[in-house]
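If you scroll down you'll find the structure; I have some questions about it.
So that you can tell them apart, the chains are marked A, B, C and D in the order they are listed, and the count of residues begins at 1 in each.
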């Protein structure tokens, strides 16, 4: 049953496979009369696109988005926004050797068994190429949220063993000034070296992304099941390669005592600490929403791996194609897009909580 | 806007506040002709109820569930199952001092600001008492799943700094033989001591729960957004006090290389390792689904805390009421219930993926 | 799969069978801080309850609703409102002869084949008793809408061949002053005679209800599929025994020319005619929303009917139990309740169409 | 809030305005491994397209659909099917005079007031051009249903005062052999004359479509709110210009007695009459599902009409553009498409009602 939709009021549905003609989506529930800057959407897509630097996949794709509806003279009309992004530069031949084999830690086996049929070219529907559509919707969500003052800070805070220890609100400039999107320049330089080293060995490496959402008004998030942290967690866990999600203190809270973990409330309603990560009882409390997303290393290696074919026979899979040694730098705009979609959706849901 | 519903086909809606007459819910999408054992539901509720041991809240509640519909001579009819659980032994007077104050790291402030009105008695709708309804639905889900062979193993694997390092499939007996629901007997004894020590200080402590879902057929989970891990994560993150969720290798994957993380596929379709945690591309691969859920320490302390009142004035909140020094033991059936609801829902969704 | 929920933001889920202990429901998405008058809900239920007059079923049920949650000192808190209505005065023995037979034009056969099991007592889940829950939700919806100025006029405009030709906005007093809820006194008297005659013959008779929704602001209804008329139509067609629905000119439009059907717009945005029935392009245009709902005659007759049993053998079904010769008078509050639920839901949906 | 989605499991979302570059949609929940014949989809679109005969709009559009995803070597993969249809031959200049005026009985005023902005070119999102997307989804639904034996008969049974009195299962050939899609040849010839006469006067005329769904298995439709007739009614009422919907006996049931209306059940589970229209208690009973859909006359006239402009000033609107004197012939494939979508959706929902 259907699972390609996300959101309750501001709703994204996506379609497309990595080696089809286009990928695309429809955004429903777009508030009307909002000016949309197409170039800003493209900027976000450019942060995600392959081939952007020496530490990403060498595949070249322009990832140019076309908005097909829902706009009139540059403004949203309230009608759904349909959009497409052309697939370019696919080399389906790179994948023909995978028609009958299942790659380790990929979705080849599970798609084939689930559906009884599989588009094996470039991962088909399971390819992370789909996330470009999320970036489009997220960029539009951010533009809609502009006047609310809500902003998003998202950066790489870990690659392999290299990690930033302290949570901080960095500027976009600080995040974007190196290829890793890690605002600690020194660490970023080490990360770059690590990625290049890993790449040279045909291997890959995982990492983490830290997100901070600022200026969220008190009151977003819907108890009981649709808590802000629960929807945000689902949003992040739906991104390819994500293995973990934390809000605020996260797993570190498990070894803490209540007397150290509780956030004392100040008279201006702020809290002196923010272990809650900006969410209490599933509802934003006005403090920055802080969350962390853990990614596994990319499953496609440029070295030989053992696996099996459709007949259960052992085979050796050779690393082919053009892949990322580390997805973290390209994942930053995806994580931020999902955060924006979640926040806008809750913003609109909260509006429907009152008759006035 | 509404947020008290969970699930797509097997769907739970809950209602009720901790100090109302009853709490309850409606389960929709119940497959017909399944025998339901009421005593098994009650057994699950008993694992969650307060007052079950010296390390839980001394509140006494029988938590007796009444099924009000959807059954005929002990079997499901396909109609919705409505149910209620009486609230007993509330002492609303315990809470009257909280009418005008906001407790730290509680939902008092956020509910009040979101809705402009607040049921302050015992946390009202934000109370973890609501989770009893989830246990009812989960117990029914497990009974419906019985013939599929799918089973659930859920245990406490961390309290404060004390943790089990290795993942293992323990039997219910091993888990239930101590008050902590931690299958490592020696560790459990230390955990019990820790909880009693924390309790004596009026403090609280956090912890983790490990879940394993066995014998899940290949093919459950709906790409793109409704990945099995994404829905499972949302389910867990919607539980009170949860701060983190991991599937399979979780955050440890972030510091790993692809060559160590990839799960090699054997000719029987099993994998030699299970870093994927039983899910690839959002779809179950037939291996055990392994996940971890991190809880913060209970926010209600039995000692004085600083906070503010409605007028922004500083106040001292005294620890009153009857609370848990550590929710982990009582959270085990809640986590397992949510897992069962998610798996049954995906099982039924998968049935709708084919015309035959 | 689940079908006992209605609404998108203001959402009703119901449960219960006619011969169970209670029926009930949960209302989600209730705006907070609205005063709820319990006696007004009861008044609406009294218009629906059996035994209210000589032309309805002689069954006596108090149909007393209990609100179980979501209220604090008489005001909505934004939390779900759970409620129950006790089933009284059932005589399940009246139905034991139906255990193995299928009544003509009832849901006996279809439920049994769909679910493989059937609660045959009083129609079980298929009983129109479920509609009492709709009346509760509708009464709450009307109270929430009070300050918007939106009002509902609903009356019987046809029973058998007797019908009111002209559409008019009658007062509640005019509608309630006779047993038939038909505001044309003379016609109502004939209708009463017809119903009593039909009753004396053990037969039943159909009819129509006319609804008018006044003071609806321009802009409610969501294109494309969730047009106001489409949701209103679904709401009405989901009521037991309904066979037809019309908006505005309805089927009479089929034999009209555009030049006679078009509603000319006046400079105050009103229209000189209202063939549109207050809806254009699925969106309210500020004119009264006018609709008609057609009911078939009650299927339960107090005379012998031929049918078959579970084995396909011909049987004669005797008319037993206590039934309505004509449901129209009791259906008025049900139709109005569904209209109120639909309008409130669209009102809240429209609020979510803007960021401001 | 969003309203451009239809369906629960087999789900269609559409986008696009009549004068944009393309219109299109995404179909989610497509069962996998089904062969799709593209030319059959095109055949259905051709029945809907303008310019197909002298009694339809002279606009010429090829309405060629492009399927963009979800297929592998001609078979569905279970992934969403994205599709587009190019808009050709728009003459936006035809509409520039409407920028500041509201056409009578059109959605101009309601869209402008709802959203505060309006795409006035060709009706924008409110144009019936959107229904081409429904035809695509319906054609795919019919192909998926092929092996179930379920078939659809849909024809014009009334134009203006000319109507077929008796319900009958006509063959596609009988329906398609004249321009009116009315299987009664003699009546069709009169209808054609009527339409040409109306056209010559710059006027338009309404009509009705009769639908019959054959070989539906017992058990489709979900009580309580998602009754088969309720969803089918919503589906039809969401089509532009529809004013009424009837299932089975429809409004005629209102003047009938129970003893004449009840459908006696035969020993083979068929019924001797079919006043129920194939649905009892909201669930299909195995008899043909019969329904009728009433359309108003097209609102765009080729003659002068009075209306107002944005400033509330009276204006005269001249009939311009290229429009249909009667939409009924072109509406047949739209009605049938919606019926197919509803039935397939219920078919898949019913599969999820059982664990086996």
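Just so it is clear, contacts are C-beta pairs under 8 Å (C-beta built on N, C-alpha and C of every residue); 3 or more make two chains touch, one makes a residue touch a chain.
In this text, all values refer to a predicted model and were calculated from it rather than measured experimentally.
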item	value
Of B-D and A-D, whichever chain pair has more C-beta contact pairs	A-D
Longest centre-to-centre distance from chain A, chain (CA-based)	C
Intercentroid distance (Cα basis), chain D paired with chain C, Å	26
Distance between the centres, which are taken as Cα means, of chain D and chain A, whole angstrom	39
Whole-Å gap separating chain B and chain D, where each centre is the average of the chain's CA atoms	46
Multi-partner residues of chain A (at least 2 other chains)	1-5, 9, 14, 29, 32-33, 78-79, 114-115, 125, 223, 348-349, 352-353
Residues of chain C touching chain D in the complex	1-6, 8-9, 14, 102, 104-107, 109-111, 113-115, 125-126, 130, 158, 160-161, 198, 203-208, 218-219, 221-227, 229-231, 233-235, 237-238, 240, 242-251, 253-259, 261-269, 271, 275-277, 280-285, 294-301, 303, 305-308, 312-314, 349-350, 352-353
In the complex with chain B, residue positions of chain C that touch it	1-5, 9, 11, 13-17, 20-26, 28-29, 32-33, 68-70, 72, 75-82, 84, 114-119, 124-125, 348, 352
Residue ranges of chain D in contact with chain B within the complex	9, 29, 31-34, 78-79, 144-145, 147-148, 223, 347-349, 351-355
